[in-house]
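Residue numbering begins at 1 within each chain, and the chains themselves are lettered A, B, C and D in the order written.
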Amino acid sequence: MLGNLIQQTVNALTIGSIYALIALGYTMVYGVLRMINFAHGEMFMLGAYVAFLILSMLVGDVGMAGAIALTVAFVVAVFLVGLIGVGIERVAYKPLRNSTRLAPMLSSLGVSLSLVTGMQILAGPQPVAFPSFFPVVRYEVLGGTITSMQIGILVAAFVLMFGLHFLVNRSRIGIIVRAVSESRPTAQLLGINVNGAISMVFFVGPLLGAAGGILYASYYGIMSPTMGAVIGLKAFTAAILGGIGSIPGAMLGAFILAFVEVGGTALLPVITHGVLGTEYRDVLTFAILILVLLVRPAGILGEAVSEESIVYKREF
Amino acid sequence: MRKFIATLLLGASLFAGPAMAEQITIGLSAPLSGPQAYFGTTWHNGFKLYVDKLNADGGVNGVTVAYDQQDDKADPREGTLVAQKFCDNDKVVLGLVNFNSGVAQSTLPIYEDCSLPTMTFGSNPSLTKQGYKLMVRPVANDLAGALLPAEYALGKLGAKTALVVNDKQVFGQGISEIFAKNFQDGGGKVIDTISVAPSDVDFAAVLAQIKPKKPDVIYLGAVMPQLALFAKQMHEQGITATLIVPDGGYTPDLIKQAGEPNVQGTLVAIQVPPMDASPEIAEFAKLYKAKYGEDAGPYSIYGYVQGQILEQVLKTTKGLTREDINTALHAVKVKTAVGELEFDETGELKVAPSYLYKVEGSKFQLVGSK
Amino acid sequence: MTLVFNKLRKEYGQVVAIDDVTASFAPGLIHGVIGPNGAGKSTLINMTAGSYTVSAGSIMLDGKRLDKLKKYQIANSGVARTYQNIRLFDQMTALENLEVCFYPSDVGGTWKEVVWPPYASARRDRRREKCMEILRLFDLQGHADAEAGSLPYGRQRMLEIARALVCNPRLLLLDEPAAGLNHHETADLTAKLAAQRSPDRITIIVEHDMDLVMALCDNIIVMHHGKLLFQGTPAEVQASTDVQLAYLGTANDIDDIRAAAQDRRAQLGIRTRRRS
Amino acid sequence: MSVAESLAAVRPRSSRAVAFLVFAVAIALIAATPFLPNYYIRVIDSLLIYILLGIGLNIVIGYTGLLDLGFVAFYAVGAYSYALLASPQLDLHLPFLLILVVAACLGAITGILLGIPVLRLRGDYLAIVTLGFGEIVRIIINNVDWLTGGPKGIARLDKASILGIQIARPVDFFWLLLVVVLLAGLVAWRLERSILGKAWAAIREDQDAARGIGINTTNAKLAAFATSATIGSIAGAIFAASQRFVSPESFTLQESVLIVLMIVIGGIGNILGIVAGAAILILLPEVLREFAEWRILFLGLLMIFLIIVRPAGIVPRSFGPDKLIRRLFGK
């Protein structure tokens, strides 16, 4: 029983940290532009594919040693995807910045569709095997099985999240980004380079998403052009659950979501005496999301706003 | 818009014009885009390979064969549009249709309404039980597909207990229910049935539930890439039960994506004989690779076999109308690459070959056939 | 026949925004509420209109408790208001902005409007006639079909007041109606508001523009740090040393600057987000 | 943005010509449809179903300004109403018209059930909760096998008939759908112009100010959800009758998103826009059928292009049916 508990906790932490990396991208973009970036899941997918491409070039053509090649591929891929993110913002979202709120959201849907089908055409629609970034060693801890891969993912995710935390709260760039997300007009009046800050967000968000994608692909051993869709939706759910726009909220939401999913799988059949099986796990997830939002309409750590303190004009 | 009008006019002219007597068209419908595109494309390629050869030899009794290949996206709505397109085209006298039983469910009534005979590929047993007069299924249904593995598990592996996992999709759920029934009928015990979501990639939580139950075999009714993911995670979590999977796993991707050490001993049941089973199949594999630049897909050989059935139909048919073709199709008896085939009155194969493979190293080793 | 605040109190956590205010407002008069920024003037309006909850005490209109009602119910009891930052329905025409105020009385006939076109057009004509009348009073008849959001700032202010007046409210709450208006516009507004005096209506104006307040109001209450500091006629207020002290002595500089910035942004039409 | 400006500048004189053109093309299409091959009629049927769905969803999104990503749930409710009441599944074989009424009522009830929890939520929170609702409905349908057949779906649905006239061929459904779409469009358009429609617009523009003028936003929003769901559910029932097979895979999140896209690309809040949006998103992939995956890529890029060039949609909100009629018959 204890073994099972430890096992499930580790499982939840691993999934949760991948969700968190992606949820952060949603929440940062939302914080600055009040926009849901539906193409964010595709950054996750791109991360895996770009890393795979670089890796096969490094190992195949250059003949670089495994561990170094992996590190190089990881770093180069996340930076490349970050740049792609900035480029997409310039082309597809920037022209819509003063438009309705729905317009950039739908533009991002178009970007998402194009990236997925583009990748299907380029790399084929089939899932492709992805090499492991960490050697798989199993450790038995009090009856539970933990793999070195899970540990590696946890460490990598936490390093990245602390890096982001530092960037947002301690660095100059972070202050600028926070100022812009607080109030874009005011930041503009203060002479802040708003475009620069937005580009920064569209660099860091996809970068983290791509990192999540690489970790995910190497954890599960496969990648596919559509891999971003489901996990993107889950990360988005996590961001909303935690209170979209809030960075700690995104992380909290991601781990809560992961624990609900794992807990649902493990406990639903037990609690309901087999009436509801694990197939109802997503129902449970969404039901909990709805309940949380009923109590806290702006998510767990979202800014609670009273009616008059915020001028809500039309959403779109 | 201009293109649309052009297509419109073209469609109208086809509709009105007289059909050419010496060429028939076969409608091909399967997923050609999206995650299942690989199966649809490679299946059709096998057929095209045979038909091209047939045409190169001057056709059958002077009749040449053209094909109209359409994407149904594995979506019932798209499937019905394609079905209607074939129905409207008088030159189409036979359909090689729908890889997915779910799509076939919605298209078969349309084909029935316009008297277009089909060779349906969907393997759900219920398709032939609805009284359709114009369909045959040139491939073993899931009843046969799940019998062999159950017998093997009970007999050769000496398994007493099985745990069944399905992905809550038509195919996965259907075939795993049939496996469970066969396993129980043979004296085994199914200790639990678990459903997972079709989009799941992480089975760690499910596996942690399975582990203490210690089943002898686990039957996983799902498709790729879930099969590979499950096998990999199962091994990583230290579960030693024998994994049995249905036909979707008969692809080198299973071994590649799961990682070679993680799938050793996994059993795969499929209606396809090994590529070196006979000189004819080996020859086909070579031809396929030469023509399409890649290895034949899991169902390519069935496309080829359907070409062989078509040839026999054309040899025996009285005329080239849909009705004539249908009569000939139901009466066909032909030696094909997978053995001699004929259909019963519901359109089901009288003898449906099925095979069981075991993963050894990076190869699928035949361990049983029926 | 009056509006009564009875020991009205509003707290935000530790901060007391309104501190036991008791006051009554008689119909037929225009009441001004003045005071430095942060004195709680707008809070009074927001509580009366139901936008803020009441921490303690009560608000009575004609013997009916308002503070337990929902916001739309308060509006339906004959309370209409304008906002510090103009809140029009931007993509609706000026006429529609007024027309929609007939929702509470006309909504019951919606299905009849849908299935029976003559009924619908009769209803609509009746509504439009009343709305055009009000628009004319505010010189907006020429802009009836213009989108509200596209009107110049001054016109938007007028339109918002027209919207508040269209259903002939018992209680009219104007939250800084002259904010952002230039001198001419303010004078124009003063004249129009004066023309809207009605013996059945209680009008309360929160305003910084002293010219407007002094010219228009019959009765003024002065708020300071959430407390009612003084109540009297314009002349009495001008003579009061307490009031002078409150304005000159303790006015919080930061608040004034913030208010100026707020007004400036409102003028520019920038949507502002403020933390609660 | 010069392209956008030039596109947006619809000159009054030419717009009368445009109106006549639109009208003439519509009439010509309707008149020509029954003579087309069945495939084209089926495509047009499919288009009409999506227009119907668009009209329904537009009430919530376009009129009331609530981003509903779970609309497909109502579509599913309607489809399964028909599937369960007119098939061997429960061995009930009720008449089509009766089922339409039942589906409409069930749709309205589900609409209100969804409406209640989301009333307090705004914007993106509303979007995710409605999305979750749609998924919940789909997952439940996929899992209550004893009732809905689970993933297998329900096959062999009865052929529909109205007052003894069988509705089975694509052309029958064309006429049925045409009538239903025109009716739904008319109702939606008249609702928009009614006092309730004005209240919806007020809620869309500024919900708090709408409360401030005495609008009971709860009731108005529930009315929007219920009407929208009713139309969606009717569309579902007709879809099931025409397909004669239902399975959960027809009711995925992608369908909801497709309908939202249709509305926004066409011109949000405008029935004419929905027709334009549906034409692009439903017909284009059909026309480009032979290009397989490239057509989807093209569609994605076209979407970005259209939204950037015309963020408010192809047909402006102001060019609604009233304007079309005025241009046609007015002075």
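By definition in this document, contacts are C-beta pairs under 8 Å (C-beta built on N, C-alpha and C of every residue); 3 or more make two chains touch, one makes a residue touch a chain.
These figures come from a predicted structure and were not determined experimentally.
Engineer: When you average C-alpha coordinates per chain, which one falls nearest the overall C-alpha average? Tell me, please.
Structural biologist: Central by C-alpha mean position: chain D.
Engineer: Would you kindly say which chain has the C-alpha centre located farthest from the C-alpha centre of chain A?
Structural biologist: Using the mean of the C-alpha atoms as each chain's centre, the farthest one from chain A is C.
Engineer: As a test of whether you follow the contact definition, which chain pair has the most C-beta contact pairs?
Structural biologist: A-D
Engineer: Can you work out the whole-Å distance between the CA centroids of chain B and chain D?
Structural biologist: Roughly 35 Å, centre to centre.
Engineer: Using mean CA coordinates as chain centres, what's the chain C-chain D distance in Å?
Structural biologist: Roughly 41 Å, centre to centre.
Engineer: Taking each chain's centre as the mean of its CA atoms, how far is chain B from chain C in angstrom?
Structural biologist: Taking the average C-alpha coordinate of chain B and of chain C, the gap between them is 72 Å.
Engineer: Enumerate the residues of chain D that touch no fewer than two other chains.
Structural biologist: Residues 139, 142-143, 204-206, 208, 293, 296 of chain D touch two or more partner chains.
Engineer: Can you tell me which residues of chain B touch two or more of the remaining chains?
Structural biologist: 33, 37, 168, 195, 197
Engineer: Among the residues of chain A, pick out those that touch two or more other chains and give their numbers.
Structural biologist: If we look for residues of chain A contacting two or more partner chains, we find 117, 120, 125, 277, 279, 282, 307-308, 313-314.
Engineer: Mind pulling up the chain A residues that touch chain D in the complex?
Structural biologist: Those in contact with chain D are residues 30, 36, 91-92, 95-96, 99-103, 106-107, 109-118, 120-121, 125, 233, 236-237, 240, 244, 277, 279-280, 282-283, 285-287, 289-290, 293-294, 297-299, 307-308, 312-316.
Engineer: Report the residues of chain B in contact with chain D in the complex, numbered from low to high.
Structural biologist: Counting only chain B, the residues touching chain D are 3-4, 7-8, 11-12, 15, 32-33, 37, 70-71, 75-77, 80-81, 84-85, 87-88, 102, 105-106, 109, 114, 124, 126, 130, 168-170, 173-174, 195, 197.
Engineer: Which of the residues in chain D end up touching chain C in this complex?
Structural biologist: 187, 190-191, 193-196, 198-199, 201-202, 204-206, 208-217, 220, 223, 317
Engineer: Any idea which chain D residues touch chain A in the complex?
Structural biologist: 1, 65-67, 117, 120-125, 127-129, 131-133, 135-136, 139-140, 142-143, 204-208, 253, 257, 260-261, 264-265, 268, 293-294, 296-297, 299-304, 307-308, 311-312
Engineer: Which residues, counting only chain D, touch chain B once they are in their complex?
Structural biologist: Checking each residue of chain D against chain B gives 36-40, 42-43, 46, 139, 142-143, 150-153, 155-156, 170, 243-245, 247, 249-250, 283, 286-287, 289, 292-293, 296.
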